[in-house]
Amino acid sequence: MQKLKIVTIGGGSSYTPELMEGMIKRYAAFPVTEICLVDIPDGAEKLAIVGKMAQRMWDSSPYDVKVTTTLDRRAALKDADFVTTQFRVGLLEARIKDERIPLSYGIMGQETNGPGGLFKALRTIPVILDIVQDMKDVCPNAWLINFTNPSGMVTEAIIRYGHWDKVIGLCNVPVNAMMKEPKLIDKTTGELIFEFAGLNHFHWHRVSDAHGHDVTPDIIEAMYHKDDGIPKNIHKVPFIKEQLLDMNLIPCGYHRYYYRAEEMLAHSIEEYNTIGTRAQQVKQIEHELFELYKDPNLDHKPEQLSKRGGAYYSDAACEAMMSIYSNKNTCMVVSTVNRGAVPDLPADCVVEVSANLSGKGALPLAFGHLEAPEAGWLQLMKNMELGICKAAVTGNYGLLLNTVFMNPLVASGATAKQVVDELLLAHAKYLPQFADTIAKLKADHVTVKDPVVNELLATGK
Amino acid sequence: MQKLKIVTIGGGSSYTPELMEGMIKRYAAFPVTEICLVDIPDGAEKLAIVGKMAQRMWDSSPYDVKVTTTLDRRAALKDADFVTTQFRVGLLEARIKDERIPLSYGIMGQETNGPGGLFKALRTIPVILDIVQDMKDVCPNAWLINFTNPSGMVTEAIIRYGHWDKVIGLCNVPVNAMMKEPKLIDKTTGELIFEFAGLNHFHWHRVSDAHGHDVTPDIIEAMYHKDDGIPKNIHKVPFIKEQLLDMNLIPCGYHRYYYRAEEMLAHSIEEYNTIGTRAQQVKQIEHELFELYKDPNLDHKPEQLSKRGGAYYSDAACEAMMSIYSNKNTCMVVSTVNRGAVPDLPADCVVEVSANLSGKGALPLAFGHLEAPEAGWLQLMKNMELGICKAAVTGNYGLLLNTVFMNPLVASGATAKQVVDELLLAHAKYLPQFADTIAKLKADHVTVKDPVVNELLATGK
Amino acid sequence: MQKLKIVTIGGGSSYTPELMEGMIKRYAAFPVTEICLVDIPDGAEKLAIVGKMAQRMWDSSPYDVKVTTTLDRRAALKDADFVTTQFRVGLLEARIKDERIPLSYGIMGQETNGPGGLFKALRTIPVILDIVQDMKDVCPNAWLINFTNPSGMVTEAIIRYGHWDKVIGLCNVPVNAMMKEPKLIDKTTGELIFEFAGLNHFHWHRVSDAHGHDVTPDIIEAMYHKDDGIPKNIHKVPFIKEQLLDMNLIPCGYHRYYYRAEEMLAHSIEEYNTIGTRAQQVKQIEHELFELYKDPNLDHKPEQLSKRGGAYYSDAACEAMMSIYSNKNTCMVVSTVNRGAVPDLPADCVVEVSANLSGKGALPLAFGHLEAPEAGWLQLMKNMELGICKAAVTGNYGLLLNTVFMNPLVASGATAKQVVDELLLAHAKYLPQFADTIAKLKADHVTVKDPVVNELLATGK
Amino acid sequence: MQKLKIVTIGGGSSYTPELMEGMIKRYAAFPVTEICLVDIPDGAEKLAIVGKMAQRMWDSSPYDVKVTTTLDRRAALKDADFVTTQFRVGLLEARIKDERIPLSYGIMGQETNGPGGLFKALRTIPVILDIVQDMKDVCPNAWLINFTNPSGMVTEAIIRYGHWDKVIGLCNVPVNAMMKEPKLIDKTTGELIFEFAGLNHFHWHRVSDAHGHDVTPDIIEAMYHKDDGIPKNIHKVPFIKEQLLDMNLIPCGYHRYYYRAEEMLAHSIEEYNTIGTRAQQVKQIEHELFELYKDPNLDHKPEQLSKRGGAYYSDAACEAMMSIYSNKNTCMVVSTVNRGAVPDLPADCVVEVSANLSGKGALPLAFGHLEAPEAGWLQLMKNMELGICKAAVTGNYGLLLNTVFMNPLVASGATAKQVVDELLLAHAKYLPQFADTIAKLKADHVTVKDPVVNELLATGK
């Protein structure tokens, strides 16, 4: 039997059981021989819990696969065939900061492509570039399957600054759409043709039926009568119908932040003031999940994981790995190099598009030009992504301000600058590239306002 | 002597005396033989006042030029050599609506490329396309010099939908920058090389000295110590210095709305709640100006006009006409077809750039690619312009919403939609292309909230 | 059972039996109910022979399908589901002229993208636009599957000037490559990943194995040791190996005309002077084929058809129709709208690329930028195609000259102009758009030099 | 008085007197203080003659300027303000090889963008990159004014591989056009507006009169009745009128090689067989010029220099230097970075276009898209240039073949490969980057056929 080693960075994540389930389900076509879960010292406890849980899942399967855990990333990566990344630099506490600091000033945090997500990119990119460096040394033939958010920006940095092409960026949002939308018009997924184009958490799609007829308007219409498949972690405010019918494209759930900015912000502020932001809620869910995972009798993915918000993320990762491994030419939606597929953006940047996945990786399907409004939004957001990737590797403060101000969720000005400054301070531990700026902020006695964040900082988090 | 006929649409404007002054000053190179001021019936009184004032200015000059006034636009256009447009559909009352309706919901109005400006475009484009149709019929060789705002979108519509290429869009903002910035670094305009690129009221420029050294950083630095030449009609909040130094470009004054959105909005809301919005202030200034113009002894442009905010607009128009007429190859900043000059935008759209002006019109100077943040902003704004031009000719409500939501000054959602709906209602008289939508809004009992606007509507304005 | 009607224009072609075979083979997934073969009066005899032969093929199959023949194209098209086009305006005699007139002056004729092919485009485009007009009227939901050459230019004209999007342009060259190349490196087609990009008869491809490793160099190497799959109708001169290794792409067989122009011309001149050009040879093969087809006992495609040069053309057509009909998402190489797939060309032009074929038609796979030499060749050839399409619909003689001179097989100048003039004269019957130019040529006593062409003309062909 | 030092590399050229004349004429605006002529040891004798002649020219002027000569390039470059390059690697003997080797096989040599010119690029680029390296060290603020041919490719290499932006590529062809064409339609240069776009020796232009009316067709028409200003060194075969009228652009003289390839080749072959190729003729002219230059009484540019073919080259260089030095904003046609001016080519490549010349260097005027045939030619030729620049720095033989075969004057195949091989052999001394390939050719006993070239080689040239 041929070796097939999977290394999962951030292996102590609560998502790991879904990943195991995905691999068990696909074992025939994707006969894993070794799984290594890697985490950092701060995650050692969770890693131990998840590692045992994962092993129990395999033990209860018909397959003899060994799951190992380690804190030595470089050793783990040795001879890997696939590396999946699902780590979170600074853990959920960092996400709490990403969300609460902006909201403490009435600005949306949003941890993917909102201001919070931009700081997540600043923290994550240096780490992922380190991982890529390790991979060049010890597993140069491996594929990197990234689902650490912001997945699009991280994938962009891996390719642009890490010069590593064997990478696929993944997301569960398109998977969800393709599973839920057919039901809205009494079809099955196989009967419909989906074409996605855009960026991670900022893509649109159109849908045709098996005869090539555009059924996008039918799905839009149905979205207002039936459940429209908004991801668990996004507030359920509907898009404005006239707008959707005009664009004749279906936005992704995260577009709510941009097309219904007012309501999304109001909802986030309400949560901020009451039950806590999403990260705080997730922390509670995670706590419950880990309690479950500790149960030595639990040997399958518990139902509660679906509340976590990332359902199908790991399943998509397994599907992608299997398609690459077995050269299966599956059509999936992934973050990959544009190559012209979205001609409104440069051919060398990362986009999220429908693509054929095979042993060669992702070959994107050309989508053609978007109409003016979508093209404009997309170009803004991609350039924001490019700006933040550059800021992440250069530590340029002026560029950071310039880029954050591009984000349509941010009203530029003194308050926004204060938010940027507080985020820099609060994440100081994970932003060595901004050390000089942060020192200057401290010297200027800039302080964080949000009490929850201050509590975290007080305990060294 | 050769005929040289100038027709000014919106001739009853308070700017007309500056236009006269500009022509008198340039008479040697631009020997006007006939000036016809055109206006609409609602502007008849102002037209009469301005017409007499204009004639007095010429009479006190060494030149024998006759100024005529008329309400018959088509007759006036006959055999024109240059047509200048400075009209305002719906007069200042419409601008009051553009500004107050958004502000009544805490959203910036901004009458150029903000939400207010988008409605100004919706009102103006059908009228300008009518004028172009007249020009095709009665003065097919004339040049159209547009300084009706939003000048970039109006110029785009003239070319894209009017299929009329002999047009120059003008603005006084670059003129002001080129006059004031040299002094900041103890130079003269002639010693510096300015390169502008972008859109009307959304352009950046870089500056080199006579030896080709980039002095952009010096000017930025000096802007924080000396008067930075912010136009009269824009609140004087400074740009954030780190941001400017990173981009190493000088934004235009209107960029404040986008780079200091918070402060500009706060200032506008304060004015809204106290002394009235800019349009209301301008109305008072205009009233005073017209009182002055009535003085039968006044035969030169009064000093007070400079408070109006559009200083050098008309002078730029005269300079442009003279350059075209005498094939002078002057370098000016104008709105014209891109032709590749700004490679981040399509070659066939209208941009505002440095250009050589000659008998052929404007030949733009190629600027090269912008960095990611500027490219992103620019592409967003240009696509917004393209969206609004299309909405103006189609009356498509979904596209209108989709386009207004692109504007970074607008937080999308129910309130923004309400603002759009109220603006449609308030401008009903000037938006025939949206008649069906407006009828539906009325049927749905949508009403305008702002009391000042309601007063205007009550009096049929 | 649902209706599934196929109409074949140029149904009297010798290729029709392969088309029948392809449909019989795929009957389960593509249950044809009606086949109508259409031809022109000059082809009535062949149509009758082929019609009977086709019916015999179905009769010897397990399926009950009726083949009808007609000269009334518009009536035939009524309610068609798929229309295939394989007609040749002016029959083989026209191809003889396309080949012999240039060769009579030592210039390559080449009936696809050489000068001969450009004239084939001029003759074919007006006819195909007529067909499209009929389809709009009587079968607006049908798909047009074109394999009339020059397939790329014809497809371009259908979309650009016919405004008909439901079209697929087909060619057998990629099919052949994908069948023969795997064997060169002891692989099967299914084990390899092919990526094609370019134009019809002017595309390159790269090949990866199932692990994503680039095996293009291995195939290139093997091409010099084993049979390299050059199409029957192309002289077997090998590519220069250093050139191929540098580009690391595999050109198509037709690239020989451009990469080994000297040898291909020498070979064509030799045939011109001895056994006759390819068209003359084909005429003999066709004669033999029709003798076979007349045999009332023949009820399957005869082996001899493979000598004809177009093997797999019809099979590719059947595969394409089946994939569209049954929404099968097959990966094929087709001529379709670029949509960005080849970013060195505009997104709205027709390219030949790997694509997913489904009920929506072709969704091309983005290839990314080509290296400078390939990009340059491609841009030249595509612009030549665009020039000839425009000349075909406008009848502009200056544009025709300008376009023909672009072709790298043509040394521009007086002789090339003479060749253009003689081709116009010789094809006068089929080039009504150039009637004025042709009249002028006749008035100037321009005459055709080649004796074989003159003989054809003398007999009214 | 401020220092203004000019260094001329290849100072021993026969063109130097024109350069002196240009500087003397412009002394008021361009007050040169020091001129240093540099050459290589093989050119020492000519350098001495020219150096004295140059000094005599200044001595007979009202200005006190010292001309020095040296073989120490690096020392000469110290503190230069402007460096002009007019050297010829391998002297005229190399050009003889560039022309005769291709012609010995019936292929055009053409020393600018024909096959000969491609080899000139291969020889020149390494040398110019060396010069740039010296300039970075000893005169980092100097401007490089290149008129060594092929000027476009050399300028491209300086920017792309030398990373040196302060460079202007010059050519006399546009100057000639702008001087001669106005007379054809009874106008003066100042009354017309010229817009050039394309590449060095491969550009087109359109012309408007002072009223903006397109007079391109008038000039085309007149070219067939009057002297059309074909450069001295190009055979006078007229363009085909219908072709020009269709494109409505005026090609440059060198376009004859591409639009009348047949006649140009025939003429070159005739010269090859009789009076010798252009290089051989030039050698004779040069000999005569140097005899004249030796005359100690000659103190002005002799009339005979105009026969040399490059008239106005040096004058253009002086005009460019003066415009940069005095920040004059002159409109000239130069090779510079595209920046979008020709949107059919990438923004970062070098083009030859109309540009404003000032202290900042060249700011190109945006031309807009070309029609399909011109776009196709241009894209082919630019990609050929990019290929040859890369081959010049990498010494890649496969890329060299691939690039040479792109040239429309070359019929690809065995003979063209033989020509490439012979050129490599004949230029071995100047092509160290191809040393391995050349060694292999020698091992394979490849030899040069042309007897004149063999004679040169026998004498070590």
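Order as written gives the chain letters A, B, C and D; numbering starts at 1 within each chain.
The working rule: a contact is a pair of C-beta atoms (placed from the backbone, for glycine too) under 8 Å apart; a residue touches a chain by one contact, two chains touch by 3 or more.
Here the structure is a predicted model, which is why all the values come from computation and not from measurement.
The fewest steps needed to get from subunit B to subunit C, moving only between touching chains, is 2.
In terms of the distance between Cα centroids, subunit C is separated most widely from B.
A straight line joining the Cα centres of subunit B and subunit D is 46 Å long. Remark: subunit C and subunit D have CA centroids separated by 43 Å (rounded to whole angstrom). Listed for subunit A are no residues, as none touches two or more other chains. Pairwise, the chains that make contact are A-B, A-C, B-D, C-D. Listed in rising order, the residues of subunit A touching subunit B in the complex are 237, 240, 242-247, 258-265, 372-373, 375-377, 379-384, 386-387, 390, 396-399, 401-403, 405-406, 408, 411-417.
Residues of subunit B touching subunit D in their complex: 166, 191, 193, 195, 208-212, 324, 327, 329, 331, 337-343, 347-348, 354, 356, 358-361, 363-369.
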